[in-house]
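Quick notes on the structure that follows.
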């Protein structure tokens, strides 16, 4: 018999995730603070609950997909929260990007109720969420991971077991640190080439053909050249992730100067007004410095 | 009739490049300061000259593949150099990584003799040189590029025309800046994950599966985990390239803080004794800081 | 009639501060977790209490001088803490270096009891504490500042009113950020000159004579040349202050790259084993990088 | 008998230096490319030469005070230059800020003529030049230093002998690196305090009273608060000095991340349009980032 699944947080990521669960035949109960976002799910056949606690009562596994540590703590441990509807044997899976400390705190709090907890953040953004092609990085007990893995694979292409509670969040922050620095590197190098007079379109081809290639150059290069800064992943969110990663690196006690410089450059992009745009808008800080009005468009 | 080709500089890169030319049927004349390195080429059928000038006399196109600006200037413009053996209509192609200023200076000096010059540095290291899979980035006149392109494709998989003299070198420096920062990003993020307790082997898989992926993570990750620091591209050479890129960025007058921080971290790696090792040895600076004796080996 | 004063935390700073109060004739009650540290004060005539609450009962003004946010919160708000011994009209003055958020939280918590709170961190280290030459930076109500100012001037040479609750802590963190970056600047420049072959002793004189002069060069230069790394202000504490300053700058939402780079370099010094030494030991990171065994001693 | 002195370069610094020499009774011959700048000196009694060579013929000691390496090389070694008017036993003193390599090159070139050379850059800006309060940092032979020291002290308050040729320039660059980083530290910390709500005027007093004090905070703080960005030392010149210092640090082979970050921030200030203003205008980059329209003036 299929597990009954609850999903709380129906934003850009959580909405498509819930839809994929419904489409794969899982009995799904959803909740979103702004109720209107639950309507598409209701039309697909999902039950709509009136509180996180009610979601928990109706589900064997509760998934949360929210934007920040405070929201996750409130939805799970706050009044009317998931905790109030839980019983021993149930599982809570947090797919949000939060600090490893928050993940461990939730695991400890729920263990007192005999409830299992997994931190299971994802890589991929809206297109991957819609396509069911997310990658999950999971911390917690391995047997619990094994139990919910089919559920995760209903929403994603891969699920990696990373270790004890918090290991999923740790992996996510290290991964996003790498992505963010790669993005800054791309922005800085693209402006270096363009300012020198190199055709940016050809530069992208050169980059793609050799050791300098990266997911960021591949994904963001065409967006930058097309001057398309509509958010896939907002500058402000990337900055938030680096803030969490900075806390993690500090607590581990080793120097992490690239991370911190990238964080400052994203902060500069936010100060310049690009916080709500896609993170690749950081290139506009460099363009302003370099006196490049815009990077010329290939087809224009 | 096939162009007669000269190749000067038979090191890690130039040696295999010359071999590929011979194998493709080009009449090849070679020169190397340390004569012993010419022997394998002689056995394959290449002529061995006693000076760069003699190479130039015997060739329609002269290719140089050397390690630094000073060596290129000496071999082409110095006593007994290529210039002394040139005649109008011949072409000199410098595949070394040098500053755009050096490229332009060579183009100007040779133009006075009616000789064409292309700056044509490559991406790829020893394995790509052996496999004939290099990528050339070329600056100079387009018709000269068109004329030597078949020759370049005898050594590489692609040749991009980038613009006027110097544009090849500019592209190369911007490309290597990107690769170097991506490498530092990978080193910093790998140690972040590993120090937190994440299995580095699984971390590599996570990285490869999403937006944080990069050529550097892909190429260097397995080397780091296998503790294999034999040089494909030495830390000292990567540092040298960033020094040239720093000059170029300075002359363009825009801030380039990631480049400069990466340069300093490579300098720290050299100070720690890793200058002659592969550039991925920079991870050992982070490991020392983090108190990680070694990143555990996958198979150990 | 003189105010009865309590002082909690008799370390390097708090001990001499309490002694100065006693010497100026204030009736003083002290408490320290490690009781032995109270003995010198008892011999001078101070009363020794058995808990923070007891200090509060015996005092009109309670001063805390502790090492971190958690300790301050525990001593004031925890069980047996200052709060339990307070009555309306009393004043609590925290001279510790803590985050502005902690200062504001304490002000709010004590206001509920009708008790006034000032955040009043100091500049100066052990010698200034002994000499009664500290400088206080004070946040809270101005009339409360006016009331306790004579008391502060019994321990210091100056007391600045900085604004509402938290403004003292904010000033302290901005001030220490400046001091820390100046120290790193000095370390980097001293090694630059010394590695070039300049006599460091003469370099100090040059620095002192012009626009590059700083309190850090003046205080730490002779210590470095004498290889005297005994702590006046430990590397680990300076790093802690920059961690707090980083939080503050993040919450204000502007880039602060010098602060963050300095923080990383202090972290490297801690990783190299200099956390418990004076902060000027960060010069040893640069010396190691530069291959300077030691900066030569003036008299050796 | 007093030495006959030549002074070439009558700008902001060289003009007052020449005036002080005349006032102290030295027979002075001057030259400036823009002849009008020589008129005030002529009125004071100086001879005006028509070329650097003519200055050299008329003088025992020739002082150059120019803005960049290229100008110094041209004036001394170029056609019509100082070299053409020299004879064995004469002394050339370069007070410009140039790279140590340029200093050594000049020393070598002039030694061939039996002429002594000192590199003798100064600290202090226009007010110190007028007041005869400069500090000289001198590289070259000690006996030559001893011979010209009285001359230097006619223009300055101090002259330090730093070592062999180049040591004066090395000291100057290390000193200016320190000053520049201290300035950036001050800008960053001032905006941190001001953005938090602290009165910047009181913040300056706090800084001046403790370990965070610096020549830069003292000199530039009041200028910033008065919004007086008229150049004492232009942002573009400070950036130029850090570019030379970066070259020097690179050649010494040790990491110098604070220097490089400061250089990038000054580059950002130039990009923002503050290159011709006083270097303290870098604070406006931070103010823009922080959304501080202006730092409020105390008295306004």
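The chains carry the letters A, B, C and D, assigned in the order they are written, with residues numbered from 1 in each.
Heads up, the rule we're going with is that contacts are C-beta pairs under 8 Å (C-beta built on N, C-alpha and C of every residue); 3 or more make two chains touch, one makes a residue touch a chain.
In this text, all values refer to a predicted model and were calculated from it rather than measured experimentally.
The greater number of contacting C-beta pairs, out of the two interfaces A-C and B-C, is seen for A-C. Distance between chain C and chain D, defined via averaged C-alpha coordinates, is recorded as 37 Å.
As a whole-number value, the distance joining the C-alpha centres of chain B and chain C reads 52 Å.
Chain A and chain C have CA centres that are 40 Å apart.
Annotation for chain B: residues 253-257, 261, 265, 267-268, 271, 289-291 touch two or more other chains. Under the stated contact rule, the graph of chain-to-chain touches is complete, every pair of chains being in contact. Across the complex, chain A is touched by residues 257, 267-268, 271, 288-291 of chain D.
The touching residues of chain A, when paired with chain C in their complex, are 243, 246, 250, 253-257, 260-261, 263-265, 267-268, 270-271. Residues 100, 123-125, 135, 137, 157-158, 160-164, 167, 170-171, 173-179, 181-182, 184-186, 188-193, 195-199, 202-203, 205-207, 209-217, 219, 245, 248-249, 252-259, 261-262, 265, 286, 289-291 of chain B are the ones that touch chain A when the two sit in their complex.
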